[in-house]
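In what follows, structures are represented as structure tokens.
Each of the next two complexes has chain A plus one other chain: chain B in the first, chain C in the second.
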Partner chain A sequence: MLECTPMRITAEEVRITARMARLRLEEAEVERMTLELGRILDYVASLEQVDTTGVAPLDHPGVLTCPLRPDEVGAHLPQREALRNAPLVEQEHFAVPAILVGLSAERGEG
Partner chain B sequence: MDLAFLSAVEISRQVRARQVSAVEVTRHFLDRAARLDARLGCFLLLDPEGALAQAAEVDAACARGEDLPLCGVPIGIKDILCTRGLTTTAGSRILAGFVPPYDATCVERLRRAGGVVLGKLNLDEFAMGSSGENSAFGPTRNPWDPSRVPGGSSSGSAAAVSAGLCALSLGTDTGGSIRQPAALCGVSGLKPTYGRVSRHGLIAFASSLDQAGPIARSAEDLAVCLGVIAGPDPLDSTCLPEPVPDYLSACAASPAGLRIGVPRQYFSEGLEPAVERCVRQALAVLCAAGAVAVDVSLPLTPHTVSTYYLIATAEASSNLARYDGVRYGLRAAGSASLTEMYERTRAAGFGAEVRRRILLGTYALRSGYYDAYYRRASQVRRLIRDELLSALARCDLILSPTTPGVAFRLGERTEDPLAMYLSDIYTTSASLAGLPAVSIPCGLAPPADDPDGPLLPVGLQLIGPPLGESVLLRAAAAFQRLTDWHVRRPPAAMEIP
Partner chain C sequence: MSATGPFEAVIGLECHVQLQTRSKLFSAASTRFGGAPNSQTDPYTLGLPGTLPVLNEQAVEFALRLGLSTGCRIRRVCRFARKHYFYPDLPKGYQISQLDEPLCEGGHIEFFVGTERRRVRLLRIHLEEDAGKSVHAPTGTSLVDLNRAGVPLVEIVSAPELSSGQEASEYLRAIRRLVRALRISDGNMEEGSLRCDANVSVRRRGETALGTRTELKNINSFRFVQRAIDHEVARQIDLLSRGGQVVQETRGWDAERGTSYPQRGKEEAHDYRYLPEPDLPPLHIDESWLARVRATLPETPMARYDRYVELGLPHADAQLLSSEPELGEYFDRTLSAAGGARAARLAAAWIGSELLGALHRDGRDLPSSPVGPEALAELLRLILDGTLSGKLAKEVFARCYSSGERPAALVAREGLSQISDALAIEAVCRRVIEAHPQQAAKYRAGASKLLGFFIGQVMRETGGRANPERVRQVLESLLGEKS
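Let's turn to the complex of A and B:
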């Protein structure tokens, strides 16, 4: 008899994760990602075998203290330079579509 | 005189001595890249104008008697390091048209040392890949056999040095991205200790793992380049404050008395026999010169790939949140709302592997899954680091293969992400622990599935203690004085003189 492995991740979980990551996925890609992520999650499940009782997580291999420096005025990126790579600029600001749905794009009045 | 395969040290010496001008050297390499690179795909961008202007400045500095360590040395930069005024893509469509307003600190230091930046080198998108095939701008090919991959993610950086298109390059290494392509292309590559080299201007993939480092054709060239780019930087608070030693003089020391740890778990299932033979011969060469082999044990080895991919993707999912179509790069047109613009921009801009990793990382950090995935991986990371440090308490460095096999064919692993990840088995542990590691060529072997096939480079990995770059370079340079694997040239470079 074939052994039945429980699905590590469902298509619905992939859709929810994609929404959280602000990634629009086509239905065909949801299917493929469900399969591929399922296989990867199956593989990494081997970490369950490691005894981690009482082990503090290591989030960073290096610096444990925050170095300090004198607070001095220095050169900074001029605004024009900072805006040069922007896809859309209006009145020396980054321009984006309306943020509040239902309001007009005109500076969110009302 | 064949400039293309001179070492960086030798080019610098000749330019300083005014035997050849930096402008002549730069022209030679630009010309070579223009003729050869159509077949290899190493460069995403060549900057003849900028490079020649910079070379002229170097010649002027030489005329004034300035003593520059990389005088007129032609250098290629992985296109994930920002270059002022020079388009930087990270191999991704999402950064289309991005022109950085500043140089990465390591790039700026190379320029100040007299290095001449020829252009930007191809890579897996956002440094995510082990084959170079994930670039949005087409794959790079291995100069030893153009039907095979050069490794990744610093694919162009390794292939360009191997083919003599530049004397030196910068790569970046998150889980093996300098060492693995260096191994598959038959060149030398060094991942420094985490924090040894500034990350300012390095487009972030996984911030607790990313390090920039040199790829070259000898340990001495690695030493000179590292000496230039290493050291504290006020623009990166994770950069280590320790003074930078003289790495070049470390290269001159004898290997006698070095204790070389040999982890038995690295010489087991999955390692191609021909690769194992080359690595064991390399160990024998070092031992014949007075080094001593010490048996060490790293029982967590089977868990390093899992640990690495959970941590690296979690950090990537957070770092790549910045690509939203607002401040730079691509923006999908015609979106009615901000959320729609984010979603459509990111879907259009990121390639399949990057999307896969963002999803995996987001999932591993999600409430309800965080403890089982990200937190557990971070705990195992501490155990892996402790295990490596206790092994290194019994020896001066650890010796292993860099990869389980030689270069594989283009397309061979693209349909199987997990198989691709598993080729990182020997490189991810040093990354997780923040340790320095170098890969140097140690032999040629045919592919396991084609015993009569082409002979391809095999890489030897040496892992050192924190800030132990000197001991790695000492062993690597000694090995290169005793063998000639590092001066072998790939057939693709021989065809066009």
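Let's turn to the complex of A and C:
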């Protein structure tokens, strides 16, 4: 078992990360997560001891280049199937609580 | 004095263009627009567990076409990245995009602002997948349609080198023309296949550092681009002039009110937590693929424009004919059938006025024109060889347009050809002068305005087919010789 180096990750960083992941953590959970995530980071940090000077980063073991497929239309899920897991269906759509009050119908999000 | 006074605006645009592939970027669902909601999905589109992306070769090829024709450097190895954010129209919880090693870098877009040629540099062009579409129901819910989720996009990022709403709108039009000419997108803003965000800042003239910028979203029509940007520039200048400061934020454009409103500030700015896409190995673009794309690259609108100017066309005609590939192809075909460069100006004028005028009046498009390029060329040849006067040619055009008959056949059948034969014209002129001795005497006594009367009579006698210039010459000499 690796010893935990203090401050590998702060409680505040855990809170921010949780907020970005839309996770609601109780204070006790923040404490536990800080400790546990710190241990994981410590473990990964052991890689820093290896000298990688001159070694190219390895993105994907085994696969050298991105496979391509021809531009052909395949099978679709029937609409009923596609909507089967929707919490609520309205007018053939996934219905969700209203998004961003004040934002017009469509975003230009890229 | 410029409208922005001691300030200048610095604008950069990010354009998203939907590529017109048949299937999505990473799965085989259809990209067709207008289908029943959520009818064009598959397990990958829905972000169901266990699915993996497989890259669409055609989408890459379309992006390469764009990159090559804008002079970009093409990366021989590029990578995909995950961009995370939570939104109901993004089922996977991340969008596959490109970050550090995009497909294309550098390059430029050229366009005209009035008659001035501008060149704006591009920072990058990369591939990414579109999100689904959400609409807001009056019931207070948001409705999500995932047909659009996964449709291939290219994002085109310009350098901050635009300086007004007008320039930005011309730049955007140039992008639309370009992607249509390259046949990689329909560039339809109404249907969302071309969308645009603008980064806007202002600074005092002479300053080199950029001012604080705001990002304008939702400006999805050519008209709004100009208005939204000019509005934002004016807002920032007003703020700075009164000693205030621009706050870095994202603002939405409200087209109905003609104003913008803050959407999200810097403190809430997204941390997208980019990471290299583990499901896709690096994409390799080999030389033979690039050579193949280069060899089949369609002519760009600007190259077409230059070619037309070299043929002697005025700026406005060259610009019009290079604005849509169909228009340029129609012109090229007309020209080659009409005997080449000598017909260029005439062909451009006829297409620009008579042909497009008639099509516009009837709400028809060029491919369904009753007068095809070969028929128009026939008409132009009849004008060039003096068979038809301009006036007669218009009449022949109108009749061919409504009947679909070929001009040469119509002219032969109805004997419409212009009378240029000097002897034939002279005979008619003599008859007319003899029939109006009083007017002839007055003319000879100095009432030279009466020449118009005689020309009119001759034209009437010939059913408008006499060459008016010849008639004038003959009448002048006949009326002159007996004095």
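Here is the rule we go by: the second predicted complex is superposed on the first by the 84 of 110 C-alpha atoms of A that agree within 3 Å, B and C clash if a C-alpha of one lies under 4 Å from a C-alpha of the other, contacts with A are read in each partner's own complex, and residues count from 1 in each chain.
We take it that contacts are C-beta pairs under 8 Å (C-beta built on N, C-alpha and C of every residue); 3 or more make two chains touch, one makes a residue touch a chain.
All of these numbers come straight from a predicted model, not from anything done at the bench.
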item	value
Partner chain in contact with A:97 - chain B first, chain C second, else both or neither	both
Which superposed partner A:24 touches (first chain B, second chain C, both, neither)	first
Partner chain(s) touched by A:69 [first = chain B, second = chain C, both, neither]	both
Which of chain B and chain C A:77 touches, first, second, both or neither	both
Touching partner for A:39 - first (chain B), second (chain C), both, neither	first
Contact residues of chain A, present in both the chain B and the chain C interface	20, 22, 59-60, 63, 66-67, 69, 77, 82, 88, 94, 96-99
Residue numbers on chain B that touch chain A, as the complex places them	97-99, 101-102, 194-195, 208-209, 234, 237-238, 240-241, 300, 302-303, 305-307, 309-310, 317, 321, 324-331, 335-344, 346-347, 350, 355-356, 358-360, 362-363, 366, 373, 375-383, 385, 417-418, 421, 432-434
Chain A residues touching chain C - in the complex, by the definition given at the top	20, 22, 59-60, 63-77, 79, 82-83, 88, 90-100, 102-110
For the chain A and chain B complex, residues of the former touching the latter	9, 13-14, 17-18, 20-25, 29, 33, 36-37, 39-41, 43-44, 46-48, 50, 52, 55-63, 66-67, 69, 77, 81-82, 84-88, 94, 96-99, 101
Chain A partner contacts - residues on chain C that touch it in the complex	14, 16, 21-23, 27-30, 36-43, 46, 54-60, 79, 84-88, 97, 128, 131, 133-137, 139-146, 153, 155, 192, 195-197, 217-220, 252, 254, 261, 263, 271, 273, 276, 278, 280-284
